[in-house]
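Going by the order they are written in, the chains are A, B and C; count residues from 1 in each one.
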């Protein structure tokens, strides 16, 4: 283990945020920026970009939980992101087709591909309730099953990382092969979002607010998990999994919870991402995009709460600003960032802020009688 | 004197090599029971078997229940706790957090998902007992070597283990720390069975209620310190090893 | 019968390609525990070595003969540099090594793109390896036979080096017990570098061989990497034998899945089989219990 204690560095700032007042202050400040300041100063186009970045940040919060706190290097978050995105996209395509072609119409891309009959598995996605339920349940359930299969057999460390990466690869290839899901091109050109036309700037703004609200909610859930006894247990499992077993815990269950939460966050992010960006394709959820989700988390600080959010936003912004103008230089920069941050600053920016401060925790009051 | 834990005819083999070969062992409440023997005698492997880490033939019964084939965490929940040769504490968590986790294996999912507002009384009492009350909010990783060992013992106490298997608990400790540890072992053995795997003969003589000598995977002798020390086979094994060690050192 | 032979052959062929790509990994990941995500880019470097050598030499046969050792040296040299600059500093952080070497892979890919261009390039196949041979009623491309032979040769060479040379004995000693080997006067640092050189060199050789059956682009290596890692995971750490069996088994599995379903389902099928397999044997096919190799 590294001598630094990632995520446990404490500054006066983090100590303040750890109090009840501090927590509310932090959330209020974040809400003020996201709901008040950003829509005021940013143009519609830029607000749309920020909405897209917020989706990446939601994924990053989950990775911070699973990887930073739980030690599970998940290189396959694209799978869950993609599940959420495709489930939402299926509903949007169905709704568009029903809205414009009447009942029985198939989505436009199917007509182009020569698919005249709606595949049976598409039918339920006409229902918005079913779709939302599916987004919340299916990816999470899949993560639980996979997590149980893997963690119960004590597959961990690099083995787990490689398996999760293989899953991302297999999932992307599977989607490319499915003409009824748009194949290589994926699903795109959505017109309506639960009855609202996506062309209307007011509705685009609403999507931004949804993304911002989801991000705050996900951060709140993650915060509660981290501060709870479960959060301490998760760190214990990360640092000495066997020891936890010898204390009578099933360490696999502890890991599954964090892994499933990360999957749920990614799925919701994918579902919000689709109406904002207007396209989801296998290219944005395969092996490389999945591992790219980790770059922002590493830069911001994998074990910290806010670090992954900030890191993901910064990386996404840099990507947008630089990748088109300097594609080659941007790729070198990404590679270098991976090398430099992970090798030299494994705690990310969050640890840089605290490097000079002494490690301290506030004492816990004693319970009178158990 | 009733046995809390009864091991019968334990056999552990790796690739045909029998590391433990037909060991019987009874641990009784109120006793500090030392397991001694030369390197490779199978002491730690025996502990591994009992705690579910190494598959074995034979039977381990605690409170009338057979433990063979149960998973590590199930065995731990039956009240069997162990420590490791190199102290295994959660270095990034504080002493209080370490103990709180150890005390909580039976907690409901709901209480796990809540924040800990106060330390349970058992955690506080145990910190007093192992002399780490002042270090409650110190990260375990920064404790002194001996303190980590005490913390590890404390983690078994809060977890309500009534059979404690301690693997070299005084390794690397100074003289005063050894005495403190020895007294602590007797203190906690009042209502528990404590087994100690140890190489240090002085420590054994000072604090053992009962001694079992293992050699080449089998029990060579068992009894009080005096009985075992008087056993000619034990003398032979220890003198023999001493001679070999001396030979090796000369070579 | 023909179908069966055909499938068997496809399986062996896919397996031998996997094996070539995975053999180096089974040294660096299997023996040293280092997850080198840039291994794919070392394969890619082998491909471009073959391409460059052919540009210089011209004759396809001669260039292949030169490219094989040259690919080994190029891959090996890159491995040495990577080991000395980064991996050596991160031996105690295997998961971080994974991400760091991914960054290295990104840079190498982009460098290839800047030097050779994004479009794929082709290396022409020597006259002697063109066409096919009739074997048990199926026509087998000669290039595939060559790759199988090369895979067998590489495995044999690695096994012999590990077993019979002083360097190989040192590698086995360090893998078996690093501290004990150090006290016996073996410099584990030199051994790590050596192991990494050989493992990365094998990636280069694999790259040269792959130019015989496909075109080369900056992302060529990446496409083989995940499968190669799965081979090592399924085969069990530290066992060359495991890698061989796992490569052939996964190759055959992939071939069968592709025959009876689609290529896109085949990957999912292989993944499911591996997860199920790990339920039965979480440590892979062969576990390193006796600390012996090969």
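Keep in mind that, in the parts below, contacts are C-beta pairs under 8 Å (C-beta built on N, C-alpha and C of every residue); 3 or more make two chains touch, one makes a residue touch a chain.
Because the structure is a prediction, the values reported are computed rather than measured.
Peer 1: If you average all the Cα positions, which chain's own average lands nearest?
Peer 2: A
Peer 1: Determine, using the mean of C-alpha atoms as each chain's centre, which chain is farthest from subunit C.
Peer 2: Farthest from subunit C by mean C-alpha position: B.
Peer 1: How far is the middle of subunit A from the middle of subunit C, if each middle is the mean of its Cα atoms, in Å?
Peer 2: Roughly 33 Å separates the two chain centres.
Peer 1: When the C-alpha atoms of subunit B and subunit C are each averaged to a single point, how far apart are the two points in Å?
Peer 2: Between these chains, centre-to-centre, one finds 46 Å.
Peer 1: Mind pulling the subunit A residues that touch 2 or more other chains?
Peer 2: 1
Peer 1: Mind pulling up the subunit A residues that touch subunit B in the complex?
Peer 2: Those in contact with subunit B are residues 1, 5, 8, 224-225, 227-230, 232-233, 235-236, 239-240, 242-251, 359-370.
Peer 1: Of all residues in subunit C, which touch subunit A in the complex?
Peer 2: 29, 33, 35, 86, 89-90, 92-96, 98-100, 102-107, 109-110, 113-114, 222, 226, 229-230, 233, 262-265, 267-268, 270-271, 274-275, 278-279, 282
Peer 1: Mind listing the subunit B positions that touch subunit A in their complex?
Peer 2: 51, 71-73, 76-77, 81-82, 84, 88-94, 96-98, 100-102, 104-107, 111-122, 124, 136-137, 139, 141-142, 155, 159
Peer 1: Please give the residue numbers of subunit A that touch subunit C in the complex, ascending.
Peer 2: Contact set of subunit A toward subunit C: 1-2, 71, 73, 146, 149-150, 153-155, 157-159, 161-163, 165-167, 169-171, 173-178, 287-288, 291, 294, 298, 328, 331-332, 334-339, 342-343, 346.
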